[in-house]
Amino acid sequence: MYSFKNDYSEGAHPRILNALVESNMEQTSGYGEDIYTERAVELLKQKIKRDDAHIHLFVGGTQANLTAISAFLRPHEAAIAANTGHILVHETGAIEATGHKIISIKVSNGKLSPEDIKPALDEHTDEHMVKPKLVYISNSTEIGSIYKKSELEKLSKFCKENKLLLYIDGARLGSALCSEENDVELSDLARLADAFYIGGTKNGALMGEAMVICNNSLKEDFRFYIKQKGALLAKGRLLGIQFLELFKDDLYFDLAKHANVMADLLRKEISKAGYSFLTHSPSNQIFPILPNKLIEKLGNKYSFTIWQKSDKYNSVIRLVTSWATKESMALDFINDLKNFTEV
Amino acid sequence: MYSFKNDYSEGAHPRILNALVESNMEQTSGYGEDIYTERAVELLKQKIKRDDAHIHLFVGGTQANLTAISAFLRPHEAAIAANTGHILVHETGAIEATGHKIISIKVSNGKLSPEDIKPALDEHTDEHMVKPKLVYISNSTEIGSIYKKSELEKLSKFCKENKLLLYIDGARLGSALCSEENDVELSDLARLADAFYIGGTKNGALMGEAMVICNNSLKEDFRFYIKQKGALLAKGRLLGIQFLELFKDDLYFDLAKHANVMADLLRKEISKAGYSFLTHSPSNQIFPILPNKLIEKLGNKYSFTIWQKSDKYNSVIRLVTSWATKESMALDFINDLKNFTEV
Amino acid sequence: MYSFKNDYSEGAHPRILNALVESNMEQTSGYGEDIYTERAVELLKQKIKRDDAHIHLFVGGTQANLTAISAFLRPHEAAIAANTGHILVHETGAIEATGHKIISIKVSNGKLSPEDIKPALDEHTDEHMVKPKLVYISNSTEIGSIYKKSELEKLSKFCKENKLLLYIDGARLGSALCSEENDVELSDLARLADAFYIGGTKNGALMGEAMVICNNSLKEDFRFYIKQKGALLAKGRLLGIQFLELFKDDLYFDLAKHANVMADLLRKEISKAGYSFLTHSPSNQIFPILPNKLIEKLGNKYSFTIWQKSDKYNSVIRLVTSWATKESMALDFINDLKNFTEV
Amino acid sequence: MYSFKNDYSEGAHPRILNALVESNMEQTSGYGEDIYTERAVELLKQKIKRDDAHIHLFVGGTQANLTAISAFLRPHEAAIAANTGHILVHETGAIEATGHKIISIKVSNGKLSPEDIKPALDEHTDEHMVKPKLVYISNSTEIGSIYKKSELEKLSKFCKENKLLLYIDGARLGSALCSEENDVELSDLARLADAFYIGGTKNGALMGEAMVICNNSLKEDFRFYIKQKGALLAKGRLLGIQFLELFKDDLYFDLAKHANVMADLLRKEISKAGYSFLTHSPSNQIFPILPNKLIEKLGNKYSFTIWQKSDKYNSVIRLVTSWATKESMALDFINDLKNFTEV
């Protein structure tokens, strides 16, 4: 049973494990105050072209989101997210557990625009309601769509005009930035967002997300928040070593490209086979609409998520590729899909 | 500069890294629902002789403490801890950040007894005060002392009689259980505590703490709490693989024993050299009282923590040994201490 | 300028002030442990026919809601509310500030039915999402609609079957129970809800809401929660005296009836004048749709809330009547509305 | 049974009730946006000689403390309080429930000085510990002592130098300011504190505390916090009317003086009768040490709090006087104490 269920089914890229093995018996300071973390942070600053940014390494995405968002907001301030936003749906109320409401904006493509956000601002006008303060977006989004540079520019401008913070969840940032349709660079994010994180867990690391804080007013005392949320890793070097390996020669982007190539292959061939998709998703997640009977047959050989019903006879499935996806298995999947279809 | 600063200066025991490398390209389910975690949990249940226990793997200790304690308490309930307790002092108010007061009990040896706790119960009598509900202890404690079985028996009995939960922070449990003075077994903890955790980070793992929940009333929905606190690791297998390796043939205890042997060596020789100690600590942390001038000289070759002033001319330092401490370095330290003393 | 803006524009019914004056110099215990509160609680138990209920008096509605809901839920549990629900919209994120998500259900009439709630239960299936636990409804609702007994019966049954708590916000319960369309009695609420509160602030008291806890599992230690949320009034007798006066001879219902009669009068005459309403609201809040020009003219003589735009030329306004509404002013309003219309 | 148990045993001073009765049927805006609250706020600004201060009226002290302190602090910041501080002991962990640790400083007289606070600052040095940020003091303190102007000056200077906020709980501020030993004026508090509140509940109001925010950086959005904590009173005028009445001609101070005169009488005569006191408390709370047998006899005629044991045969009791204390009852108490002593 081969899995297209997610992009964290395997361990780490072998080079990362190798780097951990090689550095293993060195003694370093704990809690991210080691030389590897220091180097990784310096390297990332170069990549994003913001020497003034503060960068902190986290173990996971929910942890990164809840620590940052609760650090950035005052108690009465709320986040705004698309109805598909990860913090809104799949983090067990982690943000609310830190005391903050998330205002849900219903959109069809997983993305937020100023036009989507404006009505929420218009509605929240006095102290009987929460104060919208932070716009949360994901790139790529939870349904595989990506932001164009012009969209981010508009969103950033709108946020600044309305005293909103722009926060980007980059759990799958690698795939977004390596999409064929992408025109955004890391340095654009650092210019347009107040904070964002570069996801490692879903792109070849054992674990690790690099939080980049660009807005000066959000930098102070951030390590206190990390520690308070239980997110300060004792052997912090584990994160530094991994990000160093991922970025010292663009391994990060190579891995993301592979995931995208695999998704492109699946997308193209499924499309050729006559099937359509829930949404336009030029990244490593695709959502084909397939007959239930076909899904059942594929399900005997491959694991994947049944996303939602489409109609009585068809459903949407989610296929996720990764740095580790084998081309042979993608091809097998396509062949099986075609064969099962013909039958 | 060799470090006796803590027990998390190196990576992991080579066997652990090896286990990660060997399993690396296998696909498994995420979030701790993989076969390795399953096996590790089964193995740990055997070790603690409690087939009914629920076991959950965490990345770190503060995370484990804050998730468990906030899950176990109702909003008005408080924890009780020794004034040296890690949750009280060195977790940046993580427990209070989840809404709970910690009642501090001043003790001299880092340990709590029924006699220490009783006055706090007598004081908190009505709804104008918090309701004491959970007794937090560490074994070994933050100053290296350990609990005898009879002490844990009394504490457990007292807690049951007073409807208090007994929770044991086992960040350094390995060292405690392998101390020459120890008469406690893992199964005793599972019998006497409502919940406790078995620390991996400070005993040879890259990271990892195994939370054992023995009290039935505390088991329900615990994975929700883990997720909500950002503590559910995507590649949960990383924790399972490590605990499997640590416990499949007692590597865990071998590593702890080595740390203790190294500490014993230091303790004995420092004592022979004529110095006394802040406290009796038969585990992998020792607290010798040394002349400031000697400390300064040693500080040029070794890193360690200056714990507190003792008097005008002397200070307490903390020396921590671990699975990775080299005997040659411990001997060097002793020689230098003796040589510097003579001068 | 006469106000139809809300039902808390005046002080209290004179009988209530009189009761406060008469008892003023008596010495009583503080924090709701006085004889007046005791008597009020006993009287309310008789009225709801539940001798086993626990009843606690609060100063205000948001305070009552946040204290009760955060006391009833475990950290990972969520409330469910209609999109118009007061806790969702007009309490500045008070519930989220205690750590709990509110799942919003879009409905058109302000009311929740099992059919509305079911999809939310179907969606929240595992530990990556919050666990729905408490259904929050208001009676009358925030848009003036009321629940029929059969609706409450179905809702209560559904909640029990799905291990959900049913909580009723009774800020305007008086008006609901005295509506011409009502078939619910106080004792029905005590039978069908796990907890509900009887609102005093909006029905003739200076301030005061009586929280009734029917479900045994929710009763324990409730005074701790009240105190912790800053809701335990030092001179608690102030609340006891008022509820005693309101319920000793049905003043509570007389006041609500007056409010409803005034609303009926406005509703009937506005309807006769040819205008329609946003929603069917047989209680003390009505929402006529009027031409913007007419609204402007009325706005020079009366204060009220402009609720929302209806179309380019018309808007919805909210008119609220109360125990204190003067019939002469209601008649004046109607006359003016008719006169301004004719012009 | 006459009560010396506290200063909130009776209702309100008759003039306050009268003011409520007279204004009762006027219509005003809700939530503290009425003309009475506006006037009260203006009047208080004059009294404290700070036209720029922001003033908000609360119903009770715990509510005022928890709203302000949680509004003023960032998540990782802690309050510092004397071990007798009300927020530390008698508010059911209300501050911790908003996420903040309180650092307890052991003192003997209920008061904090820079020397008391300094060691706590020295201990809290990095991100593994909370960051001390707000110094909480009470005037008069929980054991009746008061601050001299020079003490407040020093404390304020120390706080500014160490970037700490100075917050004064004025639940019994009236009694403090009217003590024979007092040299502090309201305007001194407004000059020296970042925020403080003027207590009404314990000095003749039905309920009410006026929070004064002097530090500009603490003023923004404060009404959001009030609402979120359930502390925004619908009929906010009730608070405005009371503070207006209390301060329009110094009724507030007259009432406090009466309480102090009654306490002075008790103190002097108890002292004459040969008894000593737990602490020097020149305000409306006194703590005589009396033989247990005498306490028992007095307890048959008067109610008061038994504060703590003194030795085997003697205990400390707390006697509280108020604006409502009858001189005849104070004299009776003294006579009885003398008579019971003689027997």
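A, B, C and D are the chain letters, set down in written order, and residue numbers restart from 1 in every chain.
Convention: contacts are C-beta pairs under 8 Å (C-beta built on N, C-alpha and C of every residue); 3 or more make two chains touch, one makes a residue touch a chain.
All values reported here derive from a predicted model rather than from experimental measurement.
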Review point. By CA centroid distance, what chain is farthest from chain A?
Key: D
Check your understanding: Looking at A-B and A-D, which pair shares more C-beta contacts?
Key -> A-B
Study note, to complete from the structure: Whole-angstrom distance, CA centroid of chain A to CA centroid of chain C, is 43
Point to revise | Rounded Å distance between chain A and chain D, as computed from the means of their C-alpha atoms | key: 51
Review point. Chain A to chain B: how many Å between their CA centres?
Key: 34
Revision key, fill the gap. Listed in rising order, chain A residues that touch 2 or more other chains are 75-76, 91-93, 97-99, 127-128, 130, 224, 227-228, 232
Review point. For the protein chains shown, what form does their contact graph take: line, ring, star, complete or other?
Key: complete
Check your understanding: Which positions of chain A touch chain B when the two form their complex?
Key -> 2-3, 5-6, 8-12, 14, 17, 20-21, 23-30, 59-67, 91-94, 97, 201-202, 206-207, 224, 227-235, 237-238, 324
Check your understanding: What does chain B use to touch chain C in their complex?
Key -> 31, 70-71, 74-76, 98-99, 127-128, 130-131, 221, 223-228, 232
Study note, to complete from the structure: Seen from chain B, its contact residues with chain D in the complex are 75-76, 78, 89-93, 96-101, 104, 127-130
